[in-house]
Amino acid sequence: MRFASDNASGAAPEVLAAVVAANAGHERSYGADAAMARVTSLVRDLFEAPEAAVHLVATGTAANALAIATHCPPWGAVFCHAHAHVAEDECNAPEFYSGAKLVLVPGEHGKITPATLDATLARIGTGGVHGVQRGMLTLTNVTEAGTVYTPAEIATLTGLAKQHDLPCHLDGARFANALVATGATPAEMTWRAGIDVLSLGGTKNGCLGVEAVVLFDPAKSWELELRRKRGGHLFSKHRFLSAQMEAWLQGDLWLRLATQANAMGQRLAQGLQARDVTVPNSPANMMFPEWSPGTHDRLEAAGAVYYRMPAPEGRERARLVTSWSTTEADVDRFLALF
Amino acid sequence: MRFASDNASGAAPEVLAAVVAANAGHERSYGADAAMARVTSLVRDLFEAPEAAVHLVATGTAANALAIATHCPPWGAVFCHAHAHVAEDECNAPEFYSGAKLVLVPGEHGKITPATLDATLARIGTGGVHGVQRGMLTLTNVTEAGTVYTPAEIATLTGLAKQHDLPCHLDGARFANALVATGATPAEMTWRAGIDVLSLGGTKNGCLGVEAVVLFDPAKSWELELRRKRGGHLFSKHRFLSAQMEAWLQGDLWLRLATQANAMGQRLAQGLQARDVTVPNSPANMMFPEWSPGTHDRLEAAGAVYYRMPAPEGRERARLVTSWSTTEADVDRFLALF
Amino acid sequence: MRFASDNASGAAPEVLAAVVAANAGHERSYGADAAMARVTSLVRDLFEAPEAAVHLVATGTAANALAIATHCPPWGAVFCHAHAHVAEDECNAPEFYSGAKLVLVPGEHGKITPATLDATLARIGTGGVHGVQRGMLTLTNVTEAGTVYTPAEIATLTGLAKQHDLPCHLDGARFANALVATGATPAEMTWRAGIDVLSLGGTKNGCLGVEAVVLFDPAKSWELELRRKRGGHLFSKHRFLSAQMEAWLQGDLWLRLATQANAMGQRLAQGLQARDVTVPNSPANMMFPEWSPGTHDRLEAAGAVYYRMPAPEGRERARLVTSWSTTEADVDRFLALF
Amino acid sequence: MRFASDNASGAAPEVLAAVVAANAGHERSYGADAAMARVTSLVRDLFEAPEAAVHLVATGTAANALAIATHCPPWGAVFCHAHAHVAEDECNAPEFYSGAKLVLVPGEHGKITPATLDATLARIGTGGVHGVQRGMLTLTNVTEAGTVYTPAEIATLTGLAKQHDLPCHLDGARFANALVATGATPAEMTWRAGIDVLSLGGTKNGCLGVEAVVLFDPAKSWELELRRKRGGHLFSKHRFLSAQMEAWLQGDLWLRLATQANAMGQRLAQGLQARDVTVPNSPANMMFPEWSPGTHDRLEAAGAVYYRMPAPEGRERARLVTSWSTTEADVDRFLALF
């Protein structure tokens, strides 16, 4: 009954096996390993993007910060949701790497809307040299609220950004979960919807620690290389990043892992609803239902593990996350407590 | 015959096994894993430093940049050897993290001397507000030239720095090799010799990718935590860093691995010298002999792998590095080519 | 009828005369001029702060950015009003100098309230290492909306900040106007109300270009010196900054200039109200009444100069600012247009 | 007998008068003043550069730091003389603004030579992603040693830099003195010799505090605007910068002032040599002769003011600088002490 986070899970057996296999013998360091070339090919094939550049790092914060710094100047505004991970959970890493200012766009359920984005775009960058200039848009899918953007919704938002010639980034820490939840292809969710650069997260979905920065236009690939090194994010024994990413993408493992995480999420959400618990729209693997502190205490006493957060009217919100390793038995034991 | 770098080796079996074992079940993320507590205990015991704070990152550049940023203000001078890794091989990461200026101290064979340090200390920080202020000292052991500082030499240099109240850092990417080469204990090589903060490198000596920043005075531990997160270097599945470091330190594995690397280094150096090749003083696992381009070509054609660098008088320098995985057979096959 | 900004005025004759007088002969550079010592004495006397450190720069953005950088670490949150000058009109200078994140506190009429500050303080810094830490508070008086904080209001807000041990900054680009509007003494408006560092603005109120950063606790004076130099804000011919500030503070010139600016502001506000124009609370020298675009056009055609800003319901907002050089005739000519 | 620095002089009467005249009436702020348009025209005419963009700041450090940041990425090397002002006297401002690394190029008498530049260019940027990349060249004329580059010498050095496509900056804190010393035209000394961006210094040569950043290719003009604002260097009452620069450039005042400064420098140098004092090559207004500490004491006791610096063999070096305001009487009184 461990629903604290998908990063509390271990790695999928296939990914771990690939790391073990990658250990044999000598290998070129710093990204010149043979597996990295295969990773790039895999990403290009899966995203139908034959020119895409791919760079691996070990953390999602690094991926986001490097992607942002490569696309927004120090005097730019990064438009992001008010509760985006880049805004709330990265301790200024995006600002540190880019020098830019995060401008918070409101929106219910973790989602920027065309109206809120349009209003924010209209408000920023109109003061000449005195204020920040419009810089870029960053979206998150699956959002921090557990909701999901469809490709069409993304395309609408990037369309607004592109009216101002802004590059668009997608924080895909749970990208595979978003694909599974929407049925979209990788291309539909990214470059076909106006995304220029993607943080493709492996860590939360079955890897030990690997994320890919995917540049659909490779023009900034060398700049990203240099920023990665300057940030201390270039692995010497890079083969161990490549091996994870290769195994994860191969044979659709990433989608199978996300399918399991989402299926368990839906089992959990539907089970709670069947027990008269309101669960806000949560089509992937994360949800935020509320109940009384007493209920929380009872669930924890029974062994459930998850985060509690303040909520209105004397209630507390639960943050429940399922992962590739969550089982039906985990979910059902938890549901039986209601 | 692969002598290109110790980071071209894989991980030691014990370290890899620990990573595999760490994969079981759920574990708290972001450094709250149980293994991290054991790592801290191990480091404190091995370094006879019961108060030391320990933070893990995945790359040596990250360890150095964070250690420096935590000890030098943006208007400070970081005194380092003219060919230090922080100066030549980290693409401005120390400057990026700290804002400080690296001030290069000359010295033969990769080593700062009391005279060169003293002269540089005397030259910097005398211009009032106009120039950078004296900030900190950083040494490297094993040096980039393959030479080694003894604890007494380190103490002399840190003593000069401490006359100006400067904190002292040791880049120990090959710290275990330096211990083995000198016979010093971890404490003798660090805090007893005036070192305040250590980058303790596991990656080159048998790990997949892990380095510890060891603060002998834990006062700046929370600052380092925040800088690590802000740099994108805090692992969510941190257990995989802890597992490596724990296995590596346990039962003196780190010293046994370094002993093998150094022994192969000495076998190589002595073998070359017996074949009339001059090998500059190289007491650890790295050496820089020179020979003609024709000899280089012949060695490479025979399967030897290493870096070639320009040298005077029509010769070229070889950079030969042995690792924990180098065997006597590797060395002897190479020597047989002479 | 020039009400665009108080920085469209020239310098007061006394200030200009002091600059001319300062030109005679040689003088020590970089702040070692004799006038600077007198400026420090004047500030200490006027603020009843015998230990205060004073540093001069030429722009308000420099003063604010340096004050903030000296009091907030790169992983800190700077709590400021949502429409503060530091947030909207300084093109990321505070972030550039400090690395910190500006966290916007809402509030009507340009003023942070205890409730909005308390709620924001409660929300930030609770996520451990993942989010920014509470860093400092910065207030503005006169506010960007033309309203004014009383010393008691400031004390309440700084009191909330100090419950979290946060240093408190006052952006006093129009500090003299705030003093005149409230009748407070310099000490009452600053350190007695919990302000640790003040940007004391001379430029808008009769100088050519000079602002003082006043540190009521001088402990960070040397750090500010170094940050000033590193930012390129240390004047070689510093005497010309000192001369302005000395003349401006001497004999209460600064207060007399602000008294004139405010008196003209009140004449304007009351005159408009007498002509049935609603003028939001504007006790100093800046106000934001609204009227129809047609009226704006008519006023401009008649020679009035001011900024127009969007407003609801088909109206437009005027930004009217009076200065030390505004005359009764200016105001009355404008009023006669209504 | 004040030879400490040309920034210990006041402003030339014409410049001061222009500041006084500029005070009349209201004027648009932030660089939109009418005088600024005239300054741009003047610079374009004088430099025969009809497209040049001109931006004013108040300090030389700001001009240099902004010029460098606009032309060198954070992973770049700024090649500069080992004793350049940007390297020794700006407290990391160039690094702060740019993120880049200053790479020191040796050379006698303050001058980079083709040989030393070529060797340094060959050494840097060869390590792939690990080291900094070649970024830009910055020269200083008049140099910190009081020597002067001819246009031909500059062209040779920029030619080497341009073999690597590097932009070239000239720190012209004493640009007018260099023109006078060489007889070169502004165009010959800058863009015709391969200079892309110039810090044109007015402060040391008769202004109160104004420097122009001149971009011969205006493509980066808007970026420089934004960086200037973000650095806090955009003056609200910008007219006072424009007025200085306009008066200084008009009617060749700048050259007449420099002519006087250089003439007094030559009178001083020749007078010393006539008295058997060795004066290293000093064709402009700054020189560094050496004498015994006793002689220094005697000169100071007689009222001479200048900087003393360590020198070999028990001697001390004098730094003697003449300015536009130095008179023959000043020089002759000093010479009479020998």
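In order of appearance the chains are A, B, C and D, and numbering begins at 1 in each one.
Note that in this section contacts are C-beta pairs under 8 Å (C-beta built on N, C-alpha and C of every residue); 3 or more make two chains touch, one makes a residue touch a chain.
The shown structure was predicted, so the numbers you read here are calculated from the model rather than taken from an experiment.
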From chain A, which chain is the farthest off, judged by mean CA positions? D
Rounded to the nearest 5 degrees, what is the angle of the rotation relating the C-alpha atoms of chain B to those of chain C? 180
Whole-Å separation of chain centres (CA-atom averages), chain B against chain C: 50
Whole-Å distance, chain B centre to chain D centre, using C-alpha means? 42
Distance between the CA centroids of chain C and chain D (whole Å) is 34
Hunt down the residues of chain B that sit against at least two other chains at once, touch-wise. 74-75, 90-92, 96, 129-130, 226, 229-230, 234
Which residues of chain B touch chain C in their complex? 30, 73-75, 129-130, 133, 223, 225-230, 234
Going by the contact rule set out above, which residues of chain B touch chain D in the complex? 74-75, 88-92, 95-96, 99-102, 104, 127, 129-132
Per the contact definition, I'd like the list of chain C residues that touch chain D in the complex. 2, 4-5, 7-11, 16, 19-20, 22-29, 57-66, 90-93, 96-97, 203-204, 208-209, 226, 229-237, 240, 305, 325
